[in-house]
Each structure stands twice: as structure tokens, then as C-alpha cells.
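In the two complexes below, chain A is the common chain; its partner is chain B in one and chain C in the other.
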Partner chain A sequence: MEDETFTDISGKSICLDCQSHSSFCREFTVSSPKVSIGKVMVYTCSVWLLAYAVFFLTQNTAVLSSAILITLVGMMFHIHFVKVDHETLLVIGSLGIQVSSSYASGREITTFIEMSKIKDIVINEAIYMHQIIYYLCVLLKDPSEPSAVSSVVPLFQSSKPRLNCLVKVYKSCQEILSKSQ
Partner chain B sequence: MVLKIFFPQCCNRADSGLLVGRWIAGHDSAVVLAVIHYPFIPGQVKQYIQQMQAQSGVELSVLGSWSLPKEGQEGMESFLRDLSTIFPQERWLQISRQMGKMGFTCEILNRGQNGKAAQRRVKKEKKEEEVDSGEAEKDEEEEDEEKVIFVHYEQRKVMLSQLHPIESGDPDLKTDPPSELRQVFQTVALSQPLFFLDKYDDGPLKSTHWQSEGREASIIVELLKQASVPLCLLLSWMLSMWTWLCSIRIFSLYPLRFLSTKLSTCVQLSYRTEHMRTLSSPKAAAGHTQFMRKANMLVSVLVDVALGVLLMWWLYRDEHIAMLANTLVPAADHVAKELEQLLQWLMGAPAGLKMNRALDQVLGRFFLYHIHLWISYIHLMSPFIEGILWYGGLSACLGLTFALSLLSDMVALFTFHIYCFYVYGARLYCLKIYGLSSLWRLFRGKKWNVLRQRVDSCSYDLDQLFIGTLLFTVLLFLLPTTALYYLVFTLLRLVVVLFQGVLHLSVDFINSFPLFAIGLRVFRPYRLAEGVKFRVLCDEPGVALHLLMERAFDGRVVQPMEEAA
Partner chain C sequence: MGQRKRVAAVKNPSSQRHSGAPAEATRVSNRKHNICMVSDFFYPNMGGVESHIYQLSQCLIEKGHKVVIATHAYGRRKGVRYLTNGLKVYYLPLQVMYNQSTATTCFHSLPLLRCVFVRERITVVHAHSSFSAMAHDALFHAKTMGLNTVFTDHSLFGFADVSSVLTNKLLTVSLCDTNHIVCVSYTSKENTVLRAALNPEIVSVIPNAVDPTDFTPDPSQRQDDRITIVVISRLVYRKGIDLLGGIIPELCLKHPDLHFLIGGEGPKRIVLEEVREKYQLHDRVRLLGALEHKDVHGVLVQGHIFLNTSLTEAFCMAIVEGASCGLQVVSTRVGGIPEVLPEDLITLCEPTVRSLCAGLETVIARQRSGSVPSPASIHACVQNLYTWRNVAERTEKVYDRVAGEEVLPLDRRLQRLRAHCGPVAGSIFALFAVLDFLFLLLLQWLVPDRIMDAAVDATGPQGLWRRETESKNEAYSKRAMKRAADRETL
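Let's look at the complex of A and B:
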């Protein structure tokens, strides 16, 4: 099933990895492509060339060293806070759903939703910039009113896979959910 | 339905025995808390559990048996099964593990309503994988078998984390039963008395559970706890004296009261008094947030005093005070000279602007006279400055914040002339703008109706119009001169305010910096954990499910846990 190629909404290829640990526990990992070395080089070179131009005009060496610092700090900031390497959805029947996203630096943000709070998992439509996209989301129950939906937790927010990938995840999630309820 | 067993990691390699824990009602899950080892008398176990139940308030029970057979301990199967008749339970778990291959076998004996024990078997086989991470696996041969998830948790971290709801929380608000995970956390946290039984103690029962490694160090903690009681009493007595002193009538008279709200030293003093009152209150902190607030306060006070003592040590060494006092008067002189030059420049043609000469001269002379007054005042005071600094420096023993607030007050007093200039300039400018605006209305044949709060049209006499227009013209042509003085003195005032702002900012920073929380974050991150994280321990698909429950710092649990944290 990993042979099928998936793309995200902007056409970049992403990789979906489904792991079935048991009949009621599955793990889905959506990995985005890694940071390309060419992109890094382009950004770094542009900053450095700009710095060199300024240095050429002002003859101030602080400009050059600050350019090096800026690129280093910028890269660190990018991999620690911006670049999401992979997002994982762990569905455990009768226990809950765990959503985690790992950044390129290894930082991981985890959210765990208990099964008693979950109403359903659905695929929803949303207007994003100038297009309409599909996304997977978890509907949470309202504690006071069991039939109402209190809030929505969107899944795979940073990788934004296309519908064919979402349908695949959705189907296997529903299998587990229907069993556990 | 899936049966969830929360199993402590420290019991992975425990000797065979009884599993003590709690069934969580309505959720089909069991929390294992400890393993009681074999040579025991059932009556004593029952008594012990009842005693623990009374102490902790958790419905403890014997969940089942745990066996990890060593050499020469074979054939215990029947014995284990017989145990279930001694400890009657709805369900009886029989978890066993082979030493060589580390296999977990879980057998669940269901006691039916008619007393006949129906038995279901769940077999779990497990490959040798990691030693310290327990695993459980499961076959899916039978259709109606009961599935089991083993969730491994670290007892100490779960116990010490603050995710479980605090007892004094509002029980009437939450009508629905608390969520499963929360109950698990609460169970582990409440069953602290169970963990006091040391494995080296010579008692009738031996058990395996988490136990603290460093009980010797806790003697110091206990001593500190004992010492803190008289200290708190002393502090609160001193505070009551202080508040009595502050509440004397003479302090509530008008000028003193007004002054005390303006002087930042007084503000800081009242702030610290409030802090000390919170710290010295004999009541224990209710709830996690309250405790954190108190701890942060205490650490900030200690750091503050330490910094203040450091400052004092620097000040009173090598005559630094005299040096400071000797530089202060020339500095004031220098500022006055610069101001005089600025006024001279303003009285000429500043930046090539042509001012109204007469008004310019009058204003300039007025301000020059003011500066002259100020300088003579400073010189009159100069012999006393060193003494003031010496005694003011003593306030640093109360904390760096006091020294900083005192400095801020002194700066305010030493730059009083700048403040006066600003007030004069602003008042003059305000009057002028006010006059101009009302005359502008007259110029257009309108007037401000006070009763209706709006501008109405009005027919003026010729004389009124003439005088008004004349005054308007005069004011308009004098405006640039006043505006220039106003602008310059506002900028000067702004510099002083900025300096004071920096001082106040640093004082607030020291007052409210959560140093304790940051220390806890670095050294004991699980104490501040925000949620849970599950990790699947097995990589082989279709074999088993065994989870490791960790505390996630960056994570969060949607809804129920966020309320608790």
C-alpha cells in the first residue's frame, strides 16, 4: 500500500506510512520531504551576497559576521519551529487518539484525545487561500450535550495531504472506531 | 471490550506474588500499584489492604497474581488459581512471565453471577526485546476473547506530576465522572501510603513498588519543615507589628498618603509586605498553582536579598559610597550647565527659527532663574549627600529591588527641575491651545454650547469679533515659541521617564521572575508535564500491543487534562 504515491495540496510528494500494531491499534505517519540542500544554499548565498554588497559599500566587517550569524540562527529557528518533518496519528481503540508532529530538529508536540471525548473522525472541506481543500479532523463531544460537537481538532495540519491519502487514513480509523464504540 | 492494565515499570522484574491495585469502574481498566511477594498469610494481606485503603482513600483490592518463576519454582499454576478463591473478586488476572523469553501470559478468570468461574484465556507471547521496557502481546485465536492492552507507566513520575485533580477542586461542578486517565493519575497519586513499605523492612509483607532512593536526604527536608514553623510565626508577628505601624493615623493624612503612592520605594515595600504575608501564612498551599506561586515568590525574595547583599558588599568596600557622592554633585552641575546652554540656544535663534524675541527672552530668563535656584539647592545639600547614600545603601540588605526603587526615587528628586520645566511648558502650551481653539470658533462665528455639549452657531458683536480676532492673531504668532519650549522640555522629561522606566522594569523583573518554575522545568520536567504521550513498544505488526505511557512536556491532552493541569 506504500506503493501509491501521495501528494500534498501544493503538489509536493509526501509519504504515508501505515503501521498496524494490532487489530485495534494503528499508526499513520505522513512524512514531508526533507529540506533540500539547494534551497538552503540559495537562501544562504542570497543573504551572504547581500551582506557582501553592503560590506562593499560601507567597508564594515560587522556586516559579514552578522550575516553569518543571521543565517545560522535562521536555519536553527527554521528547523526547530517551522519545518515539520513528520506527523503521526496513533489510534488506539478504546483508549484514545494521539496526534503528534515532529519538527526537523527532533522537537515533538503531542496531543492526546481520550476516547470518551471523541465523537467521530470526518473529512471536512475548507477554503484555503484561493482553493478548497479537504482535511481530516476529529470531532469532540460536548460534555454537557452528547449529541453536539464542541470543537474540532484538525489532523495533518502542516503536511496537508490530498484526498486520496485522507480517505485511506479515514477508512482504517473508522474500522477501529466502529469496533470500539 | 478491551481490558487496559496500567502496569508499573518497576514491577517488571518483581518476584512472584499478588497484584495489588484498583479496578476503575466503568472503564474496564485496572491500575496495578504493587506486587506483594509470596510468603504471606492471606489474612495479613487483607488487613494490610484495608489499612492502606483507610489511609489513602483509594478502593484497593487484590487484582490477581503475578508470577515470574525462577529455577525450582515450577508447577504453581494450580496454586495461583486457588488464590482467586481466597480473594474473591469479579475478575481475577493471572499475569505471568517466563524468565528466559520474557513472555507475558495473561489469564482472566471471570466469576459469573452464579458463582461458577468462567474462564477465558488470553495468551501473550513476547520475544526478547528490551529488558527495561515491559511488553505484552496477544494472540487473536479466539473470537470472543478479551483483548488486553498493557500500558506501562513510571510510577514515580505519574505520582509526582500534577495532572490529577486536586481534592479541593469543585466536585459539584463536574457532574459527569472524571475521565479514565485522570482516574489513573489520581489513583497512583493518592496511594502514596502504599509506597512507604520499604523492601528492606522486616515486616510480615514484602512488596515491590516504586520507592525513593534517597530517604536519608529527606531528613534535611524534614528538619527544614520543622524549622519553618517558628520562622513563619516570627515573620507573621513582625509583619503584624509592621502593619500596625503603617496603620497609624498620621500616615493616612493627605500629603503622606499621596507621597507614599508616588514613591516607588513605598510601593515596593507594600508589595513585599504582601509577599511576606502570603509566605508566612500557616496554611499550606491549596492546589498546584498556589504552591507554584508561593515557591516562585520565596525564590524571588531569596534571590533579591542575595543580589542586594552582593550590592552592599560592593558599595561598602573601598569607599565606593564616597566616590559616588563625589561624582554626583559634579554630575548635577554638569546637567545644569548643559541645560543653561540649551536655554541660551533657545533664547537665540534655535535651528534658524525666528521666534518672538520678547516672549523668548521672558521664558528663557524664567527657566534660567529656576536652574539657578536648583543649583544652589543642590550645593546646599552636597554635604549631606554622602550620608544619604550611606543610609540608603543599607536598604539593599532588604533586597536589590529596594535599592533600585530608592535609586529611582532619588533620580526623580534630583531631576525635579526638569519635571518643573515640563509642567510649566505643558501648562502654557495647553492654555494657548485651549485659547486658540475657542477663538477659532469665534473666528468662524460659532461657540461651544456647554449645556448641549456641542458647537452652535452664534452671532457676535463687532467689538467681540474684533477683539477675538486680534487675540487669535497674537496667540497664533506666539504659538511657535511656546511649542518649541514645550517640545524641548517634553523630550528632556521623556529621557528621565525612560531611565526610571528601565529601573522599574528591572524591579518588576526581579519581583515576578518565575525562577522556581524554570528550575523545575530544567531538573524535574515531569513535575510540570502537561499531558501524556503513548509510545508503541513493539515493532512487529499483528503481534501485540504494549504501550509506554510517558509524560509529554510539549504535549497536551485535549479537554479533561487541560482543566486539571
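Let's look at the complex of A and C:
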């Protein structure tokens, strides 16, 4: 539908993509920038230089080959488990919310929360590392005890958008939720 | 005595500077401040400082200022919470070292406190209690960040022993470049000025207050076949619990209808338990343990006499609460206590067992003869002496004054530190100030101010809370949810 630039809490620019499939079904995608070649180069070079320094002192070639292995495995580990490419929130009124995050390698983790368990979606504040940030979360309820909040599912956990982006998502989510309840 | 003090307060130039310039005063008093109260002591911890911060904040919010409170995390209570009227409390995860006071390294609290100050757009940092390391840290960082600072001292200190020499030095360092200091009584002001070698001009006296509607007399709760003495304090050495341990057997022996009701918890409880055991007074001395603030009234109204045995006290809230409930007050003559109540409402004694017993005897005799004023008349006397609105008004004047003052830039701050705090401590803390400044620059480079989200105001001129409370149910459910969500914070 529209494309605006937002930043995450550390100042990197991220993309928010809102798609309205119908009046009660919307999809929000927050995508972080791709892994930059420069950063990969810097990490690889520093590991290799370190390895070469150790090799220079010990004259052991195993150090060099293990350095190559470490960089390869490290990079694979990073794109498979750490680096999240984009996170998607799919809100379907009367049905539920689907949250999925896909890693740079293409691996995708998807969870679905059905509407009967959802109490609300709110923006909350939390202390994260040495900062205090806003985040969007889904409040879950136990169907047997509808007035209490049983647990909280934070959304956009790895991209951590700033407040202006969260407010936008929050407002359109509330539109759908208020219609379906 | 209370009246005399009020006159003095009006004459006091430091707290009333604006009265000389009415035009300026009206202009400045319209200004709204963004205030951050910082102290290690806040609810759920109970005590005088905690309720002072809470009540003062509530009255300032009522006057249209924005107030947030920063304290350390208490057990599982961490993150951001909202209290009544949108009072926002940050429970920051800082390590607690001793007696609910955080460890101080001068630096480690800077990132979080900076985050609070920046995102709430704080203009005045108000730190409470000299026992609180976090308060001193906050003052230190606020000055580095160029914010105006106010400090409220709630306690009295000695000068002689090693620990007070050290804390006094620390206080000197911490207060020498603070904009304004507030003390709770004239005794406390004298004490603070001497301890921290301050200019008395920048020290104001604003007493504590009690909520008179919370402490109303209710004589029907009293049992008329006996005389009950109520003691409510933390059971620690400073509160003179050893004296209490001496008084109890002596008086119980003389007066068979005398009962003691003791509320509070602490390390000295064992003293009272021993006395109770030794003299077989289980039916006459009741130890109630820790009391919640809401239960204090229920205990106070059961008594005839309120006893305070403190050895040091800057301003005793408990005796005002006791008098407000219509009790006869007997107290030690220490610190700021003689300033607190008019002479006809309080019996002052020396802090010895003999003097306290004599004082209690006269009050008991008066009670028996029925020559004491009625609880309602005592309450009427006390209820307008100390109100939180008055405290907030006077504090507001301090903020107005402070907001017009400049914060010392780094070079002049270093000069001040070295000139005021002695060559050794001064130089050390000047070095700390420089390091703190460098650390701040590093943080500003890592996380610039502009990428920190400004917090949504709950209170203050653009406060959203009032609008929300209009549809009360909705607001309540929102708050409940928020609270629940807080419990799960990262």
C-alpha cells in the first residue's frame, strides 16, 4: 500500500510495509537492511589477521585453516540463527494473528495466535540493555479467565522499530480488532 | 511553636525570593516543570521518604507539572509502572548493596538515568535522602548533563564517628554544586549546612506533611478500661528501641491497666521480645510487626498516648500522625522534633528511660483525671498545620527559582569542586566529573539523543492521563493491562 522509512532504536533505517488485503485482514512487514558486504569484510579480515599473527608466532598452519573454518561457520550461523531479514505480522479479524520472522538464510519461524486467546495489542515500555524502549506486544488471556492477562508476546523483537512506526501498526491493528470484537 | 515557624518561613529569604518581585513571580509561577524525583527509597519499600516523594509528586501533578520517579528495582518489580493520576515510576535494574541502597560506582547508572532524563525531557532533577546512593549518582549525572538539581535531605547526621565523617565528605562533594537544597526542619537545615559546608542562602526549609483526612480520630475504637500506649516506628537503633525496652517493664509494673501496642519491624524486635518474655507481659505488650500505611490509622486510633523514642530525627512525621488521630504525644527532645508540634500538644522528654517514664507518668495522670483535650479538638489543631498542598506550593517556588539559575559548565564545576572539597577529595571528584563527562560523550555518540523516543506524557501540560480517566472503565482496563504487561518486561 505505502512505503515509508522508519528507524529502529539504534538509528538504522528499516522499512515498514503495510498491505491491506481486505477490510479485516492486514499484513505488516518490517524489514531490516541486508548484511552489508563491508561489515562481513571487516569481521573476516580481523579474524584472518588475528589468525595470521598467531601463525606468525607459532608457525602452525592449523591456525590458518581453522580461521577459515571459523569464518565460514560463523557466517552461516549468523545468517541462519541471528540475522533476521524481515518480520511479518498478519492480522486477520475474527481469526487471529500470525507472527513470522524470516532469517537471512531463508529460514522462517511462524506462530499463530487464535483470536479467542488475544486480549489486546498494546504498546508498552521496557528496559532493554541500557535503554528504555517502546515495544508492541500482544496480550494473551486464558479463555477460562477472560479478565486477566496470562502472558505477553512481544512483536518485532529483532527489528525493534521506534515509536512512530509502532503507533502506525498499533492503530491499524486496533481498527481490525475493534471490528472483530 | 508551629506558628512561630511559619512566620519564620515567610520571612526566610531563600524560600520566598520571588515575593519581592511580584511581576516576575507571576510570570515564573506559570511555568511548568518536568521533574524527575530520584531516590533509592520508594514504594513498595515503606517509610517517611517514600510517602514524602509520593505525596509531593501527586500534589505537583495536581498543579500541572510533569513528574516521573526513578528508583531501583525491588525484587520482581522492575520496568515502568504507573501509579494514581499517571505518576510514572521507573524501577531501574541497579544492584542493591546495603539497606535498599544501591552500590555506587559513580558511572554505571549513567546510561539508564540519561535515558530517563532525555526521553522524559526532564528540566529539574530532584533527589531525595542522603542515604540513597542513587540520589547522589543522579545529582552527579544531572549536573554533567546540564540539568538543574534540587536535593531534599530527610535525616540528621552526627559529626564524630568515622562513618559520618565519610558520608559528610560525600555530601559536601555532592551538594557543593547542587542548585538548591531543601531540608525538612530548621534543625535539619543547620545540620546540613554544617555537614556539607553550604551557603545557607541556597537551603530552604519545607517541612513534611500528613494527609489529615487519612488520620482522623475515632475514640470509639479505644478501650476505656485501660490506657494504651502506641508506638509506631521501624524497630532500629536510631528510633530508640532500647529506651522503649527500658520503659515497658517500669511502667507496666506501676500501672496494671497499661497496654503497649507496637507496630513496625526491624532488627531491634528481639529486644522487645526479650523484655516481654522476661516480665511475662504477653497480654499487655502486643507486637504487630510490619504495618502497611493504610493500617497505621487503625492502630493509632486504638491508643490514648503516642510515644516516640527516636534518638535522632530531622522531622518526625509519626508524631504529627499520632496527634492528628487525637492522641497525646510523648516524645524525646531530639533533632527537629521540638519544632514540629505546638507545645500544648506534645510532652517532650530527654532521651533517657527516667525522663521518658516521668513524662509518660504525667500524661497518664492527666489521662486518668480526664483533663486532656478531646481528640477532635487536637485533630482540629493539627489538621491545617502540615498539608501536602502547602509543601507542593513551596517546593514549586524552589523549582521556579532553580529553573532560572544556570548550571555550572564543566570548567567552573571543576574549580568549585577543588575549591570547596579540599585538595585531595576535590581533585579526585574533579577527575570523576571529567570521566563522567567523557562517558556521557561516548554514550551520546553511541546512542544520540535524537534517536531516543520522547516518552508519551502521562502528566504535565500535555498529559494524556486526565483525558483517559474520563472514560473511567476503559482507562482502568488499560492500566490493568499495562501493569500486567510490565510484569513480563524483558
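Here are a few things to note about the model shown:
FYI, the second predicted complex is superposed on the first by the 177 of 181 C-alpha atoms of A that agree within 3 Å, B and C clash if a C-alpha of one lies under 4 Å from a C-alpha of the other, contacts with A are read in each partner's own complex, and residues count from 1 in each chain.
What we mean here is this: contacts are C-beta pairs under 8 Å (C-beta built on N, C-alpha and C of every residue); 3 or more make two chains touch, one makes a residue touch a chain.
Computed from a prediction, not measured in an experiment: that's the story for all the values here.
When the shared chain is aligned, no partner comes close enough to touch A:40: not chain B, not chain C.
With both structures placed on the common chain, the touch criterion links A:76 to neither chain B nor chain C.
Touch criterion met: A:24 reaches chain B, while chain C stays clear of it. After overlaying the two complexes on the shared chain, residue contacts for A:92 are found with chain B alone; chain C is out of touch. Legend: residue contacts after superposition of the two complexes on their common chain; A:53 is shown touching neither chain B nor chain C. By the touch criterion stated above, A:133 is placed in contact with chain C alone, chain B being left untouched. Against chain A, in their complex, chain B makes its touches with residues 1-2, 4, 28, 138, 140, 147, 149, 151, 176, 179-181, 531-534, 536, 538, 541-545, 547, 552, 554-561. Residue ranges of chain A in contact with chain C, taken from their complex: 7, 9-11, 119-120, 122, 124-128, 130-134, 137, 139, 148-149, 151-152, 154, 162-163. Contact residues on chain C toward chain A in their complex (touch as defined above): 78-80, 90, 92-93, 111-112, 115-116, 119, 447-448, 451-453, 455, 478, 480-482, 484-486, 488-490. Chain A makes touch with chain B in their complex at residues 19-25, 27, 90, 92-95, 98, 100, 107-114, 116-117, 140, 143, 153, 180.
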